[in-house]
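What follows are several structures.
In what comes next, chain A is part of two complexes: it sits with chain B in the first one and with chain C in the second one.
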Partner chain A sequence: MEPSLNDLNEPHSMGTTIIGVTYNGGVVLGADSRTSTGMYVANRASDKISQLTDNVYVCRSGSAADSQVLSDYVRYFLHQHTIQLGQPATVKVAANLVRLISYNNKNMLQTGLIVGGWDKYEGGKIYGIPLGGTIVEQPFAIGGSGSSYLYGFFDQAWKEGMTKEEAEQLVVKAVSLAIARDGASGGVVRTVTINSEGVTRNFYPGDTLPLWHEELPAQNSLLDILSAPSPEPMST
Partner chain B sequence: MSKATIDLPPKGGFSFDLCRRNDMLSKKGARPPSYRKTGTTIVGIIFQDGVILGADTRATEGPIVCDKNCEKIHYMAPNIYCCGAGTAADTEAVTDMVSSQLQLHRYDTGRESRVVTALTFLKRHLFNYQGHVQAALVLGGVDFTGPHLHTIYPHGSTDTLPFATMGSGSLAAMSVFESKYREGLTKDEGINLVSEAICAGIFNDLGSGSNVDICVITKGHKEYLRNHLLPNANVYALKREYTFPKKTEVLLTKITPLREKVEIIEGGDAMEE
Partner chain C sequence: MMYGKGLKDYVEQVPGSRSGSLFSERTLYPYVTGTALVALVYRDGILMAADMGASYGSTLRYKTIERIKPVGKHSLLGASGEISDFQEILRYLDELILYDNMWDDGNSLGPKEVHNYLTQLMYNRRNKFNPLWNSLVLGGVKNGQKYLGMVSMIGVSFKENHVATGFGDHLARPILRDEWNENLSFEDAVKLLEKCMRILLYRDRSAVNKIQIVKITEEGTTNFPPYSLKTFWGFESYENPTAGEEGLW
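This part shows the complex of A and B:
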């Protein structure tokens, strides 16, 4: 079945797997990096974790345009709010701003978001804001098309009071499991860890991720071909 | 009798008044005129010293090539250029409009335009029209923060990439980039890579064709190489002018000069203001 050229006029959507997890002292946000236009991967290395303030980040899923514009608006309002308040905005305020825009424009927007960050009053917090604009504060949240494959996994693997390393490993494992099963998720795994010390961005390319059931190791992959030294000249 | 309705001033935006009529006509079998689209292959890469943009030059109206050598690389600012794919009218109009906005912004700020400014103007406009303005753009330029390359989709989403392709020939061009792109290309290597990618689109995509246009933007300098490559020369075109046989036979040529009639009025009034 040849891919139709009409697909290139489909709206740009992020199939996506997005995750937000709290741990003892902060939060870890994770996402895949695939943006698709119909059946074509328009961007295989997109960054779905956008900054709202120094201490609050948001994972975006659904329509790429809607989520980008929404996070731009929230960043702008939060900036004003921070100036007026005189101190960093709390995660709750950021999440509620996202919720207000999402709920009041529910007929026109198609985007699910996970807001996560750290502030000095409540510590690390995760808020899930799915389609429709509800706001739910959760110890961990998952979203996007790939999240369907992770509900059971988190029920079993999530526990209270993890360390930073455990939380990050959990997020990377979960995103890579979703990538293995969901066609609309793929590329690399990006994580953002936010705690009292600040923000750390991490990047896990495909070849560092574990292989799951029936996945084969890469052979003659582009990575090998491009980084191979040029062949020796033949000699008799 | 007072008028029951007030004449409202015309609102901006699209008028969907004729949509019902068009629906009715197409149900009766009348085919609507097809839009002039730029089928297109447009690409951009970031190389060592800046950005290189490339485009083909075919514009189509349905199955017909209406312009064999159109310009798809539009000027936005002295340091920013934008390739456009999709409906030709939309790409022209939106890039012209944002180019004017950027000029006014330059007068306001007194500084060289930044690529993210052009990006924000374009994405806001396209998002506000919810995808009805069908313009898919590759925006590239060099400002004081460095070289930038962005793609902008008709619904208003944007991506920032080291190499990008858009248009119907984007898959063919992307295959060339994915196999041959690497960081830190020199200018000649970059121009060759971009030409190869556009040629892949020209030869493998029906909506793209004719020639290759290239635009190289570096810090403080730009080179617009219009028709850098002409891989589809019109070999069988006539070299001489077209002469058509004269239709009317001339039987007699007689020229009669008209007698001039000049009246001289003595002592007339002088002209007054």
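This part shows the complex of A and C:
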């Protein structure tokens, strides 16, 4: 069936899963690592979480080019802003700069972003900036094509006031669930944790992620399975 | 004095709005949208209601968006349609109110003036084929005069005693036409609005069960806390609609 060009109900779906979550004391940003051109995986280990300042990062989804250029511009302006201000930029300012460029170029850009960071005034904050340039401050945000599979998951699993470890685990679990079902998401799970102490990057390769429905543990070869000893007979 | 390029040079402007650009732009479709809005004039002022949802296509993506905001001292602005455009309109109005305050002359823009400004804004954008994709409801009270009006994305503008946008235009307005009167008390007005919002909840696919009601009177604005409406499903014919007639719905 030909999709109608003027189907107002279907916004463009974007190849990625990105997540930003606040916790008690900071934020955790997470993303998958797949960049695709059509059906081909152009980069299986991309880094979709880009730095804007020391304390603010952005998760990029949608057009790789658009999101890269946008974050480059915002980094440039935030750098100047930091010099003029004399102290680190706030997450709110970074997010609003992203919104400004997103909104004013809405006809040309196709990118949804999640800005997250920590500043001394408001602590950890997450801002979602979907297609069109709406800005929404949220306790957690999800984006990209893989996020469709996560609305139900977060409705159930999200709670206020998590610890850093709980938040990170939630993010990894969620991205991994999305990767399981979204063809446009895959590879590794990257996370960036930002709080008053600084920034920590983590890397979870595919083989360390939990297995979901109908997924089998990875083997080196069939031959290893065949040559495995047969199970012990049972006895009472 | 600036070296090199500034932010303005990288931000594409709508032709004619500030520094013009050479591109002809047109907004084709909205992305993140709010649904119906209902408002009415009652005895003491204006009451406006909206749900707190914003949809992304058919996904009910955001569930705590305020679509009704105060403007200056005397007005309330509610919007349905593209939320990013609503946010931009709020920025325009911020600037308008700021300049008004800077006159420091004791005067302040009332709902009629703000409505006029919005009409100009929406109509001029429509003429350039680059509309702000919103249906706006502007209500307020100034010097005892109650005012309620609407502006659509193509610049159609009017004032009325009761207005509704989107689905509300079809579902709520007939109810309001029937049951509205000049002397509604606050309680009656709320009940009437809730009747409309409940129908919208049943019949509008993009409705979300979290309602924001805002009141504006001579004394000022009151934001009531968000709440959810009870819905009724206990009709006999709802329980087993296809009994004896399999295949029907």
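In this section, the second predicted complex is superposed on the first by the 206 of 236 C-alpha atoms of A that agree within 3 Å, B and C clash if a C-alpha of one lies under 4 Å from a C-alpha of the other, contacts with A are read in each partner's own complex, and residues count from 1 in each chain.
Just so it is clear, a residue touches a chain if its C-beta (ideal position, glycine included) is under 8 Å from a C-beta of that chain, and two chains touch if they have at least 3 such contacts.
It should be emphasised that the depicted structure is a prediction, and the values quoted were computed from it without experimental measurement.
Judged by the touch definition given at the top, the superposed model places A:169 against neither chain B nor chain C. Looking at the shared chain after the overlay, A:24 reaches neither chain B nor chain C. Once the two complexes are laid over each other on the shared chain, residue contacts for A:73 go to chain C alone; chain B is not touched.
Of the two partners chain B and chain C, more residues of chain A are touched by C.
By the document's definition of touching, neither partner reaches A:200: not chain B, not chain C. Look at A:103: by the touch rule set out above, it reaches chain C but stays clear of chain B.
Look at A:135: by the touch rule set out above, it reaches chain C but stays clear of chain B. Of the two partner chains, chain B is the only one touched by A:63; chain C is not. Of the two partner chains, chain B is the only one touched by A:45; chain C is not.
Counting contacts by the rule stated earlier, residues 8-9, 11, 108 of chain A appear in both its interface with chain B and its interface with chain C.
On chain C, the positions that touch chain A within their shared complex are 7, 10-14, 25-32, 54, 56-59, 61-62, 65, 82-84, 87-88. Of all residues in chain A, those touching chain B in their complex are 3, 5, 8-9, 11-12, 35, 37, 40, 42-43, 45-46, 63-65, 68-69, 108, 222, 226.
Remark: chain A residues 6, 8-11, 73, 77, 97, 99-101, 103-108, 130-136, 138, 148, 151 touch chain C in the complex. Residues of chain B touching chain A in their complex: 123-124, 126-127, 130-131, 134, 136, 151, 153-159, 161, 167-168, 170-171, 178-179, 182, 207.
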